[in-house]
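Both of the next two complexes hold chain A, though its partner changes from chain B to chain C.
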Partner chain A sequence: MLPQEATQLIGKAGETVILEVEKGAIKKFADAIGDRNPLYWDEEYARNSRYGSIVAPPGFFGWPTKWKRAMPFFSELRQEVIDTITKAGYSRVLDGGIEFDFFQPVRAGDTLASVPRVASIQERETKSGKMILSIVETTYTNQNGDIVAKAHQTLIHR
Partner chain B sequence: MPAEIGKGKTIPPVVKHITQEKINLYAEASGDFNPIHVNESFAAQTALGGTIAHGMLILAYVSEQLTLAFGQSWLSGGRLSVRFKAPARPGDIVTVTGKIDSIEERNSISYANCRLECRNQKNEAIITGEAAVKLAGDIPFCHPDPERSEGEGFREGRDSS
Partner chain C sequence: MKMKKQLFWEDVEERSEVTPLPKVASRQMLVKWAGASGDFNPLHYEDAFADSQGVGKPIVHGQLKRAWLVQLMSDWIGEQGNLKKFSCQFRAMDYPRLMKDMFEPQEGETWWCKGKVTKKYVEGDEHCVDCDIWIENGKSEVTTRGNATVALLSRG
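Let's turn to the complex of A and B:
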């Protein structure tokens, strides 16, 4: 049986974080990851590409304009899930992976809204005992209302 | 679809040398200054025994490999699922490899389903994962100018388009 405090979290949305995607930040990010694809920094090259403007490497969603903890991956909602399940006796937290769906390129000049939501909390019975899987889904929407990406972060609680 | 993309095709590897400097740059670019990544004396006192690279930095290398292999296609859409198996540390040399498992058609769009791995110099898995890359007709198998990239493994699959 899942603890009630945990099941009550399913569907809960966290705070929206507004992310501004600036070309300078894209270049800095591309430099940091060592990816020299000119689409990320060369305006002329990018203008002549199918995108018509500088785009961000997949996985870069811009800077939060309201700076709080860190990037939206480490949302307070995610922490609340961890704390709640820890209190229920599952104190070991392991990474269960991340899944990204990229629907549209993120462009320089975009303003994205990212909203985390608890997609699921499930109990699993394994050979080594019970564990709980939690999934937080973060949706990134641009200024035109288009969903550009979704991230599903799975945590394993034992 | 270019002839080079097909089931069983190996994706050219990407090789990266992890340094503390690169980790620090990523911290600045991403805003993630967790001391486990950037504070060497703090990290030395933890169970990890030293700083580790951000998981998302290594993930960016996986994504870079897909851009190099599939060109702009990868930037317009797809799915990437990864599991973080072990941390990468300064001094590590990590290699991302991949293979096309199948080509699949969904709603008249072709997707290349790839299996991906990032391993360190001791052959330990850092990241394992799968990607589904949306294929559009006009994409070269390789980035038009692979020399611009830091990757050292573009000998195969280099003659594109």
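Let's turn to the complex of A and C:
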């Protein structure tokens, strides 16, 4: 049985975080991957491409405009989910993977609003015992009001 | 800047191979990734901390492996293609090479990002393919696995 404290979190939305997609941050992100695609680096090349400007590699959404002790795909809401499930006796947390839907390119100079929401919390029986899967959905919307992407991140609690 | 090769939907069949992408994970790459992505978990750069977490030594960030697979698809579909859907799960740990000098990693493992087309179809006005994608370590073991849906340029 899922603890009630956990089921009550389903559907809950977290704080909106504003993210700035800065050109230099895109470059550093692409460099860390080892991706030399000129769309991420070369202003002139990108201007003449179908995008008309430097774009971010899919999955990069910039950095928060206000200081936050946060990691990508990690929010206070995510922490609340972890804490609640930990209290219920599932203290080991594993990364269960991520899923993206990409709708629009993210461009250098964009400002994105990201909103996390608890999409689901489910209990599973496995050979090695019970576990809980929690999924937080994050929606990214740009300054024009277009949803650019959604991310679903799964954590496995055992 | 040289133009990249453009893939067309008509050139792809079910079971076609996604052009493989080799990657070498090094401690330096992990440091860069931490700074560029904002994931400063010491699991990925501190020996004692990694050991205390039961993984022995610092491991490659799952999100870095995810980013490699995104590059695999972006490189393959070319500039006119769109990555629509992407997912991956982490199945096993990967351990980066240590550095030989300021720029070069020591000899060691090379990872290969790979993929295969599982379905080819038209949806609305988009020419799509679905792919299985994965990363193999130096022993050809799959450590990361996922799926991608892309819309490709069509000659039609």
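The definition used in the following text is that the second predicted complex is superposed on the first by the 156 of 158 C-alpha atoms of A that agree within 3 Å, B and C clash if a C-alpha of one lies under 4 Å from a C-alpha of the other, contacts with A are read in each partner's own complex, and residues count from 1 in each chain.
In this text, contacts are C-beta pairs under 8 Å (C-beta built on N, C-alpha and C of every residue); 3 or more make two chains touch, one makes a residue touch a chain.
The model shown is predicted, which means the values in this text are computed figures rather than measured ones.
Engineer: For the overlay on chain A, clash or fit between chain B and chain C?
Structural biologist: clash
Engineer: Of the two partner chains, chain B (first) and chain C (second), which one does A:Glu22 touch, if any: first, second, both, or neither?
Structural biologist: So A:Glu22 meets neither chain B nor chain C here.
Engineer: Examine A:Asn37 and indicate which partner it touches, taking first as chain B and second as chain C; both and neither are also allowed.
Structural biologist: Touch status of A:Asn37: both partners.
Engineer: Identify the partner contact of A:Pro57: answer first if only chain B is touched, second if only chain C is, both if each is, neither if none is.
Structural biologist: Both chain B and chain C are touched by A:Pro57.
Engineer: Which partner chains sit in contact with A:Glu99 here, chain B, chain C, both or neither? Use first/second/both/neither.
Structural biologist: In the superposition, A:Glu99 touches chain B and chain C alike.
Engineer: For A:Glu80, decide between first (touching chain B), second (touching chain C), both and neither.
Structural biologist: In the superposition, A:Glu80 contacts neither chain B nor chain C.
Engineer: Which chain A residues contact chain B in one complex and chain C in the other?
Structural biologist: Common to the two interfaces on chain A: residues 25, 28-29, 31-35, 37-39, 49-50, 57-59, 63, 70-71, 73, 95-102.
Engineer: If you look only at chain C, which of its residues touch chain A in the complex?
Structural biologist: 1, 4, 23, 29, 32-33, 35-41, 62-64, 66-68, 70-71, 74-75, 79-80, 82-90, 146
Engineer: Of all residues in chain B, which touch chain A in the complex?
Structural biologist: Against chain A, the touching part of chain B is residues 16, 22, 25-26, 28-34, 55-57, 59-61, 63-64, 66-67, 72, 74-84, 129, 143, 145, 148-150.
Engineer: For chain A, which residues count as touching chain C in their complex?
Structural biologist: 25, 28-29, 31-35, 37-39, 42, 45, 49-50, 57-59, 63, 70-73, 95-102
Engineer: Name, in rising order, each residue of chain A that touches chain B in their complex.
Structural biologist: Within the complex, chain A contacts chain B at residues 25, 28-29, 31-39, 49-51, 55, 57-60, 63-64, 67, 70-71, 73-74, 95-105.
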